[in-house]
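So that you can tell them apart, the chains are marked A, B, C and D in the order they are listed, and the count of residues begins at 1 in each.
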Amino acid sequence: MNALFSQLVMLGSSGMLLTALIVLWRKSVPSYISAYRWQAWLLAAVTATVAYFAGDRQLFAVAAALVALKGFAIPALLRTMQQRFGAQPQIKPYVNTETSLCVAGLLVMFAYVLARPWMAVTHLPTRGGLPLAMALLFVSLFIIVSRRKAITQVIGFLMLENAIALLAVVGTYGVPLLVEVGVFLDALMGFLVMQIFVYHIHETFDTIDVEQLTHLRH
Amino acid sequence: MSRFLALVVQTLVAVALAPALTGFIRWLKARLQGRRGAPPWQPYFEIRKLFGKEAVVSHTASWIFTATPFVVFSTAVVVASLVPLVVVPSGPFVAGDLFAAVYLLLLGTFFLALAGLDTGSPFGGMGASREMTVVALTEPTVALSIVALALNAGSTSFSQIVAHTLAEPSAALGSEHLLAFAALFIVTLAETGRLPVDNPSTHLELTMIHEAMVLEYSGPYLALVEWGAALKLLIFLALAANLFVPWGIALSFSPVALLIGLVSLIVKLAVLSAAVAVLETRVAKLRLFRVPELLSASFVLALLAVMSTFLAR
Amino acid sequence: MNAMGVALSVMVAGYAAGACLAALAPSPRAARLITALGALVGGSGGLAAAIIVFATRSPYDVAFPNLVAAAGGVVLRLDLLGALFLALVAAISLPAAVYGITYTAAYEGRRSLRVFGLMFNGFLLGMCLVPCAGNVFTFLLAWEFMAVTSYFLVMTESDHPETRHAGLWYAAMTHFGFVLLVPMFLLMAPGADQTSFADLRAGAALLPAAVRSGVFVLALVAFGSKAGIVPLHVWLPRAHPAAPAHVSALMSGVMIKLGVYGLLRVAVDFLGTGPAWWGGLVLLAGSLSALGGVLYALAENDLKRLLAYSSVENIGIIFLGIGAGLVLESYGLHALALVGFGAALLHSVNHACFKALLFLATGNVDHQAHTRNMEQMGGLIKRMPQTATLFLIGSAAAAALPPLNGFASEWMVFQALLSGAQIPRPEVAIGTPLAVGVLALTSGLAAACFVKAFGISFLAMPRSEGAAHATESHWSTRAVMGVLAAGCVLLGLAAPRALGGLSRVLVSLSPGKSIAPAQTRAGVWLLSPHGIAQVSPLLIAALLTSVIVVVAAVMRVRGLELRHADTWGCGRIRQTPRMEYTSSAFAEPLRRIFSELYRPAEDLSVSVHAESPYFVRSITYTSQVVPWIETAFYDPVIRGTRALATHVRRLQAGSVHVYLLYITGALVVALAAAWWFE
Amino acid sequence: MRLFSKIWRIGIATEPLLAGDPAAIDIGRALERRVTRLFGRALAIRLVDAGSCNGCELEIAGLASPIYDMERFGLHFVASPRHADLLLATGPVTRNMEIPLRRTYDAMPSPKCVVAIGDCAKTCGVFAGSYAVVGPVDSVIPVDASVAGCPPEPSDILRGILQALDRRPSRSHVHAVRG
């Protein structure tokens, strides 16, 4: 029973990591949005499996909230953002695709090496997901750093927030509901602020390439 | 002795089945495009016709041009005798493992590229240069997916890997198996010249990779090269099927087990080739310099597969 | 004077006589013959000595303490490891010597063949003595003798400016290596008088860990610079094309293997097991050399430079094998470590065989087509059929294609790296798959590189006058290359037997540790360390030939109508060589994909008519792959030394009094130091 | 997924090959028995535009469409004449295209056959007597059958090719095709 439980959790979290890799690989923002939606659904699925196997009633509520907000609300918001400023020319990211994929591979390996001691500490069946959550964290950080379009950076930030949620679920069977809601609310606030931020960049520079911000200096 | 006989029969079955596989993919793509299309056994007629025709050889071509079809066909046949199709090849007569199979196919591609260059036509050179580029970029992915399988099973020999997966069914659901399968599937598309890397049914010479090298072949030579390419596709699909979903493969040499093995092989090949056909209807051809991005993505998948094998330990 | 003594004396006498008589030869033609004769006699003596040691499996010692007694006298000690490398040197020098007879005929008017004969035999003597050396002084003497003689051989065609430039680089790099060898031996030698290798081996066990690591790093850098690993490889692609073909065959085939011999002697024989990061460092050097070598080989248009970079790549593969062995050794898995070292030794032997063949074939092409630039070759297979077929065998072996020897050793290196993955430590468990990925990418790119090397230079139509009028070279050169090609095929098919012999060598290095795992079965199958995965090049070759024979027979029975016609070129009128693919065109996709690593220096210049900028007269685009390793690493070092030199030059004040002042000052300082340290 | 639902909805669009007027096709040279049997089930076609106004090319392109679907008869286009068995020549042979047309014909391995498509190929049509035209296709290479029409219907072209190979459509393996 435990073997199936840990296998499913690992499957879910490696699926989430793969969706993050799609953002690095593909070049169209709509595919990023669908990748984010897939990731949110997988996160909800992992939370639900943990809730079922650990018999924790609250996690089911958290899973439902995840599906509602991250599965539907945020992708819809992202799509409106995309429609408004979506028609941008292809902005070459700082790092080309092959190198960013290899860097992602190295980050994943670094995450595995890093998470090695934690796995020795926890004896929960879901400890297999810890390095995957750390890897997702590093990859989403890399997305934020290496991409120049504001929308992509926003999606990177949201994936970062997903990674933290996954880490919580896999590491300690989910933090108490209050903390969960708190974390999620400030992420939502961050997202709304960024939305306005992107809007203003578009207004002043007529492009959402973050590179242009450097012109504000002189 | 029956073991050796079974291996010979298995190889002959693979050689006979290969054109039908390409025919089935072409037939299914036609149906998906709303056409009636040629029946799945059409390639057999094409091969019969080609054997009846005259072979035209260019003046600038050397002995390599006429020797290459034999090398391409024989490397494909020998690899078919190594790969677990109907029965897992075990015992003294196994000539090699996964690495040997990959390098034998590399021998076939090496000579095909030379034949492309031999006639001095720009298409042949273009095809050879692009084919060697794609093959060079797929090597690390193939090696790492072999490593991911071998680490689990403890060795790179087919019988060991299949036995391990049969013994531990939960492993088949493991992330390393799925990731390695995805990586190997992308490599199959790249290595056998299917869409999105190279369009097998194109007529524009400048977009070809595999076709461009065989533009100069005609008659029986062309039949051998096409048969070898079809056999290579069958080998890759059978590898992807039997290493990751080995249920149904014959472990003993009893006639019943062999029959079940044959039926399960045909079913698995049908499912995989249907997947290839559906994918080819859905996906357009990638620009040549977007192909390395696809191949580096498959390399990262294989790397993750290897990572997760350590995780399980 | 038992058989060993006779063999060794025949070796030394043969080379010495060859050298002296060649120097005094009446005519250049006589000099050529004497050079070859001396090399043949010396080589066969060396080969006989090695075979005797192999047969008796017992090392052989001979000492001449009175020769230069102060430094410990000349001590020769030939154990199994030394015998293997002596056999390798002698075996490759025999065909090279015969090849030299007709090859150097072209130098008769221009170069002094007497000096060449002297240096050639001296070079071979130096290379044979290095594995036989028994103590520090003999080793360093043979090492320096080999370096100096090979410098003069590289400088044979010194009228070309780039040869002089290459000679300069070569001399600087080999002496950089030599300068590091001396402190390494000093650190290891326990006492001034105990400088024999036996004392070093005993002393090494007592050294503190820091000193052992220091010795290892010095050995890796010194022997690495001779072997040509990436940061220190810059002399190799310069020196090999400059040297005559059979000399570069010897240098690339065997001389860089003595770097591998030195590293094995120090790291495995003397120091024994060390910390895991030793293996990691060697794996890193191996991966850099393998990838760097093959990438620059792909971008090369000069055939000999391409082969030189391919040597760097193969040295990288050998270092990957050694690295895997060291890592396994550091975790106590001695049996598996032997698999790694065995794979490295097997690849050294294989590489010596096929690289010598390739260099000799390139020498033929260079003399007949008067060019080494692949852009101007093409169509040589119709004018030089045997040379082309032999070059094909060599490139198939270099691209590690199954029945030949390159595949057997690369398969073993794969298995060695794979067995490294069983170690539970995370950094090792992650490092080994990366190394497997690097090795696979290298072998893929090597296959592409050798398709280019053979396809562009030998197939299709000739792209220059020289290539159009090339004819087959002298029969002796082809016979000699035939011997090497047969060696490649035999080493490929009988790889299991060869590996059996090599594991005997390695077991002798670490007596009493553990027996080598069963790496071969019935002399036909190569086994992976756990004996489950197996490959048999012999069976593969048999299956391939049988299928080809059957299919050819069926085709013959059915009758094959054949017609010759022009190549199909969309119906254009004439098929001209200008339409063919050239070497830069073939490598262009890979150059563009790896442009981040190549960093090509590109410049585009558009010249317009004076009247208006909108009418373009000509557009010139040049893209040049400049090895940025040299500009990044070596230019600052060169600038730094030159700046230092200008400061030091100020010391040469020119007046005698100042010089006297220096002497007294130095004396005073030395005395004060001696007093203070008392 | 929208693509596959549309595929499911439309299904097979191939229509049976109706018999057109036989006058459009005339068989110049009957191929021997051996050749027609060899090309019985599989045929590779190489199209050469010897100076046509591309009207015939549009119709020929229609052959590969789901409606006419020549693949059900075993015909398929190939890029190189080395792979081809049948040469489809369209348009009057202009001066510049004379040598390329002949070289394409020579590059094809025998047994081979040629079908001239359209009035221009048959009798130089409207371009007869023009300074740039060398003559109809059969003045340059031997022609086995020709299909009249400017441009001929795809079904006429298809029947022309099948009859050139002496393959009665009804006799061929495609079901429900009225001869």
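We take it that contacts are C-beta pairs under 8 Å (C-beta built on N, C-alpha and C of every residue); 3 or more make two chains touch, one makes a residue touch a chain.
The model shown is predicted, which means the values in this text are computed figures rather than measured ones.
> Among the chains in this structure, which pair is joined by the largest number of C-beta pairs in contact?
Answer by contact count: the chains B-C.
> Taking all protein C-alpha atoms shown, work out their mean, then name the chain whose own C-alpha mean is nearest to it.
Nearest to the common C-alpha centre lies chain B.
> Taking each chain's centre as the mean of its Cα atoms, which chain lies farthest from subunit A?
Here the answer is chain D, farthest from subunit A.
> Centroid of subunit C to centroid of subunit D, CA atoms only: how many Å?
Each chain's C-alpha centroid was found; their separation is 60 Å.
> How many angstrom lie between the centres of subunit A and subunit D, each centre taken as the mean Cα position?
Distance between chain centres, rounded to whole Å: 57 Å.
> Please report how many Å separate the Cα centroid of subunit B from that of subunit C, as a whole number.
Whole-Å distance between the two chain centres: 36.
> Provide the list of subunit B residues touching at least two other chains, using ranges where the numbers run on.
54-56, 205, 215-216, 219, 292, 299, 303, 307, 310
> At which residue positions does subunit C touch at least two other chains?
426, 430, 561, 563, 565-566, 568, 570, 593
> So which stretches of subunit A touch two or more other chains?
Answer for subunit A, listing residues that touch two or more other chains: 98, 109, 112.
> Under the stated touch criterion, can you name all the chain pairs that qualify?
A-B, A-C, B-C, B-D, C-D
> For the complex, which residues does subunit B have touching subunit D?
On the subunit B side, the touching residues are 30-39, 42, 45-46, 48-49, 52-56, 202-205, 208, 211, 215-219, 222, 278, 281-282.
> Using the touch definition up top, name the residues of subunit C that touch subunit A in the complex.
The touching residues are 426-427, 430, 593, 596.
> Which of the residues in subunit C come into contact with subunit D in the complex?
561, 563, 565-566, 568, 570-573
> Quick one: in the complex, what on subunit D touches subunit C?
These residues of subunit D touch subunit C: 48, 80-82, 99-101, 103-104, 106-107, 109-110.
> Within the complex, which stretch of subunit A touches subunit C?
Counting only subunit A, the residues touching subunit C are 96, 98-99, 109, 112-113, 116.
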